[in-house]
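Structures follow.
Shared between the two complexes below is chain A, which has chain B as its partner in the first and chain C in the second.
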Partner chain A sequence: MSTRQRSRWGLAPIAGIAIILYAAFLLWPLVSSFVTSFTNSSPLKATSSFVGADNYVELFQDPRLYRTLGFTLVVVVFVTVVSNALGLLFALLLNSPSRNYRVMRTLVFIPQVLSGVIVAFIWRSVLNQNGLLNSTLQSMGLTDEAVSWLGTPELATFSICVVVSWMTIAFSTVVYTASLQSVPSELYEAARVDGAGALSRFRNVTFPMIAPGVTISVTLCLITTLKLYDIIAVLTGGGPANSTQSLAFFLVEVAFTENRFGYSSAIAMFLLLLTAVVAYSSTGLLRRREAHL
Partner chain B sequence: MTRTRRTVGLALAALGMTAALAGCSTTASTGSGDADLTFMVFETPALGPEFWDQSIENALTDLPDVTVNKIVSPGGDRTAYAKQLQASDQFPDVLASITPRDFLEAGLLEPFDQDWLDENFILPEANDIDGGTYIPPTNSQVLPLVFYNKALFAEHGVEVPETWAEFVAAIEKFRAADVTPLELAGSEPWAASMPLVGLSSADVLGQDPEWIQKRYAGEVSFSDPLYVGALEKARDLVEMEAYDPAALSVDYATANRNFLDGKSAMYPMGSWFTGSSYITPEQAENIGAFPWPTDDGSIVVPFNVGGTTAVSSQSEHVDEATSFAKAWSLDPANLTVLIETDGAYPMFKDRSIEDFDVSVSGLYLDTYAYVTDENSKVSSFGWVNNNDSLAPGMNDALYALSQALFSDGDVAAQAAQLDKEWDAAVGK
Partner chain C sequence: MSTITQPEKAVRAHPVDDPNRSAARRSRARAGIARRSAHLIAAWVVTLIFVIPIYLAVSGAFKTQEQILTEPLALPSPFTLDNIVGALQRPDHLIQSGLLNSILVTVATLVLIIPLASATSFWISEQRPVIRGVLLAAFALGLMVPPQVVLQPIVSLLQSIGLANSYPGLILSNVGGGYLSFAVFLYVGFLRTVPREVVEAARVDGAGELRIWWTIVMPLVRPATATVGIFLGLWVWNDFLNPLIILGPLQGQTITTGIYQSVGTISTDYAQLFGVMFLAAIIPVVGYLVTQREFIHGLMSGASKG
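Let's turn to the complex of A and B:
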């Protein structure tokens, strides 16, 4: 056995652990959930019966699916667009090797390393009736009375979009900063020699070169937002009047309020499929765009 | 080869650490006996870890063969957490303050024996569900009461309202004076529902105490004029600007603070608000309370008999779990803490409030009179743990409706939606 082969076999136990963990915490729950989605399983009962595709038939007739799906898609579109646009803007502003910029990049990244629950608690105190935002607006004379940021379906949806974007902008900024730093400076110099202005350099050099970063950032933003739960649970509890329930929130409600594991597993399968389709489509689309650029 | 052995060793160590970490739990153990029980509790500022540890230790005094492992619910929703534990085959032997009805269809709870209930409690059947009591009726609450700021009432010349018309007039007077008439913790769905709980209890159950039973039997519906009338009043409160425009952005702590700071005149809330966790004796001197007003001024008290410990019928040690639950429930030290901090009204037989060594405010004693006086008591709508408890999931529907009333005035459609959700919840 060669040294290289021995080295490979030596790594096998580590790979084995990874495979065991992957199977135990991802594959098994996935298969289990898929099987459960064809049953009337309840968290309160040890036994369950096979109900065929009944859960799926009911799901597509359930108006709550379309309400939560609509809300989820609004948040997904808003967050993906805003966090990528502002993330790119911040990355351009902070793209400098100096120490001050490094500090600022670290500060920008802080929201991403905070737990969603902590972020939601912070923002709840900001958006509360007597919170920082209303106090500021009132002290500046911009509003006479407190704005109900979490009190109407429209404003609560907008507030959630802003809070989620606040977190994901940090991630996008880091991705775009890394992409920008990988662009060879010679390309900019050549563009300058050709008389290209700042806008032209961005359009013809920067943007094509950071295309892989766009693919990564957009795709991960889509996936993160599609399975949004923690921020909603703390910030609005799905309210007012269930208007800010995401698909993931709906799933948990069905499982632990209505005691319907079978039906909630069907929702989980739908969410998984939706996420896979969106992620696969966006990746394919953006990769084709990369090739064109 | 040495390198391979080292790698394998590292891998096994990592696996061992993973297994060890997976075996860790958030429980703390008390006692040293043969029967090893788990007790799911919840923590609040008033009922902290010390309270639970001490109460468990006290309850184990006469149970030398029992050990109790405390499991702390990570959030306020104990019932949901209990379901998660059941789903993962970890249903506790004893559970604190869950909603029993959710677990009864699956037969997960053990009823307490009637003789013990008769012997120890003023209203031994207050928590009866289909002939069984799953939570000992140790204490009670009135919810909602309408708390009011005495100084603001005096300043604006408002008398304590007794009828709905007087209540509306008081609201209009405060609104005209630019004082928020009614405080509401509207961002928290359960708290947003307080006015609707008051209306459903006083107007609906006040006129027909059997209404919930009739709804189970399909003899009445939410779309009937009686319940729609209550919904219309709830919507009227929104339209007459009884609440702050940002009421649905107010959390519970902020609402309590707003009311106690004199920013609002009245506050529909549970009687626990009289406890020291919420109000100091000095603050309590400026606060009064009246029951939710009815059309004719008759007093209807939305009443809820509570309790703490429920026992799992799936426990390997049902007898020991029941003994522990009984000992915990009868320990006067536990109720003393609940009286002082949470404004609980004691329901022990042969033991009045004077028999407890407690320090309570005049506000507590004034509101306790609604429990001890002869008056019309009805189930607090959506809060009781007896035959009048709502179908699983309906509390959430009621909460959502309470918030929806702020933006949707189509009361008939909302009543029809409640009927639809009720029928789905009971499997019709």
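Let's turn to the complex of A and C:
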């Protein structure tokens, strides 16, 4: 009993520090944000008062909410689909122990270790009006005029989708490569003996076996894109005409440019709820699928 | 694939000395080699297309602005170190001070968070199931919360304790936030694989908890520590919004916020831009190349726990 008790309390001071820090820098901010969302708090005012659900009423009438939500969902869906499809394809293509393929895998994973700021700066030099993509296209005679990759709402949205996917493909590829390597080779042998073709082997052996990898890769893609900020800040600054602002970008704008903490907290609660719903439903759905297979 | 297995059966039916057999085997071998080389070429083509942006930046760091614009895909000719030297000689010392500040923030965060998270995780693992469940549920929250959601309350909190716009403030918010959740989940998951007997034996010998944690548990969870160190190091290093808002423009900058704030205006000077990018990215990329095995292994174990 005494050893059991000691084991409960011996490290308690250190655990206490960690829990206090976590409470201060994660749990309290969540509570505080929730409370603030019902006030008109602002750093420019000495006092703030309770305004009920006004911030939420304003939020749901704010066209900026629907614009940023629409943009966010477009990016989330595009990036999740593209990076998982291409990540899986890359993993299948590069899944071999030989040295050539090891080098290729090393190269493909590099985008994931770069910061979003650096990735966005590199791509900006490619996508700029007088950037490297336009100069290449023009010198090859493929276009006469420079394409405004970041200058129109549609193309800028597309460009952001491509750049974000470029980073997440790298991540998905590693997850799928590791999943593929965990599939026992006897299963392939057995399927081959049974006369299963390549496509059928993929559908009936590979795909079910990598289901946990799908769950991980899809969920992390969703969470990553829902909080997208740095690539947008560098690549387009939210423009043109505010068309590439994500929900997270909108939140930061309202909080730190407009200095409306009450309103930004309401946006924060909305973003938190959206993330929770998306994350839990995706893991729930995919886990169920894992079980069925 | 069925096209391969069928001739195999057909061949097997022939007598051993049938000349058809070796011919069939040769043609099959040839088909296999052709398919393998086609696969290899396809894989290289796709990989090289994918990494073109990296190539542009790396080769551009050693090219003249003129060559970058006229032949973006060519190798540097003439090879020049002007961009690198230029980046290092900027009057604002962007690279030197940015790298120094990033190293400071990253190292301080890791030095604090690793012992804190591992001791806390060990302590949590020893608790009754109810307490353990509650604590893990609370820590799970941090894995999901987008950093923007808690940023403004954190800034207000730091203001009220006098740490606004300071490095200690940034480091503390790193240590106490979602990164701690990640580290705790990784350690708790890893501790499940550690045999209880080792810890119990030490306890019977009368060792204190602090001693058991430091001399027995820490060496056993070293793979988890490697994963935590690699990933949190990378994330803290690459972090952008937190240092941008928490440090503010007056307190110097990390390498990411520094690039954002000072390079933005000159970004059509690609030669200079690529020189700066090269120096800013070299530490994480070399770190990745050196720790690649642990990196990929850790990604899998980290991701499956998260």
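By definition in this document, the second predicted complex is superposed on the first by the 271 of 293 C-alpha atoms of A that agree within 3 Å, B and C clash if a C-alpha of one lies under 4 Å from a C-alpha of the other, contacts with A are read in each partner's own complex, and residues count from 1 in each chain.
Just so we're on the same page, a residue touches a chain if its C-beta (ideal position, glycine included) is under 8 Å from a C-beta of that chain, and two chains touch if they have at least 3 such contacts.
Just so it is clear, the model here is predicted, and its values are computed rather than measured.
Participant: Could you look at A:257 and tell me whether it touches chain B, chain C, both or neither (first, second, both, neither)?
Facilitator: In the superposition, A:257 touches chain B alone.
Participant: For A:150, select first, second, both or neither according to whether it touches chain B, chain C, the two together, or no partner.
Facilitator: The answer is first: A:150 touches chain B but not chain C.
Participant: Quick check for you: in the superposed arrangement, does A:128 touch first (chain B), second (chain C), both or neither?
Facilitator: After superposition on chain A, A:128 lies in contact with both partners, chain B and chain C.
Participant: If we overlay the two complexes on their shared chain A, which of chain B and chain C does A:222 touch? Say first, second, both or neither.
Facilitator: neither
Participant: With both complexes overlaid on chain A, does A:45 touch chain B (first), chain C (second), both or neither?
Facilitator: So A:45 only meets chain B here.
Participant: Figure out whether A:109 sits in contact with chain B (first) or chain C (second), or with both, or with neither.
Facilitator: Second partner only, chain C.
Participant: Examine A:161 and indicate which partner it touches, taking first as chain B and second as chain C; both and neither are also allowed.
Facilitator: So A:161 meets neither chain B nor chain C here.
Participant: Thinking of the overlay built on chain A, is A:236 touched by chain B (first), by chain C (second), by both, or by neither?
Facilitator: It touches chain B, and chain C stays clear.
Participant: Touching A:17, do we find chain B (first), chain C (second), both, or neither?
Facilitator: both
Participant: Chain A residues in contact: does chain B have more, or chain C?
Facilitator: C
Participant: By the touch definition above, which chain A residues appear in both interfaces, chain B in one complex and chain C in the other?
Facilitator: In the superposed arrangement, which is not itself an observed complex, chain A uses residues 6-7, 9-11, 14, 17, 21, 124, 128, 130, 256, 261 for both chain B and chain C.
Participant: Help me check something: in the complex, which residues belonging to chain B touch chain A?
Facilitator: Listed in rising order, the residues are 1, 3-4, 7-8, 10-12, 14-15, 18, 80, 83-84, 86-87, 102-103, 105-106, 108, 186-189, 192, 244-251, 254, 258, 392-393, 396, 399-401, 403-404, 406-408, 425.
Participant: Which of the residues in chain C end up touching chain A in this complex?
Facilitator: 1-2, 5, 39-40, 42-44, 46-47, 50-51, 53-54, 56-57, 60, 68-70, 72-73, 115-117, 119-120, 122-124, 126-127, 135, 138-139, 141-142, 144-154, 156-157, 172-173, 175-178, 180-181, 184, 203-204, 208-210, 212-213, 234, 237-241, 245, 256-257, 259-260, 263-264, 267-268, 270, 273-274, 277, 280-281, 284-285, 287-289, 292, 296, 299-300, 303-304, 306
Participant: Where on chain A is chain B touching in the complex?
Facilitator: 6-7, 9-11, 13-14, 16-17, 21, 42-45, 124, 127-131, 134, 145-153, 236-237, 239-242, 253, 256-259, 261
Participant: Give the list of chain A residues in touch with chain C in this complex.
Facilitator: 3, 6-12, 14-15, 17-19, 21-22, 24-30, 32-33, 36, 90, 93-94, 100-101, 104, 106-111, 113-119, 121-126, 128, 130, 132, 135-136, 139, 166, 169, 171, 174-175, 177-178, 192, 195-198, 201, 212, 216, 220, 223, 226-227, 229-230, 233-234, 248, 251-252, 255-256, 261, 264-265, 268-269, 271-272, 275-276, 279
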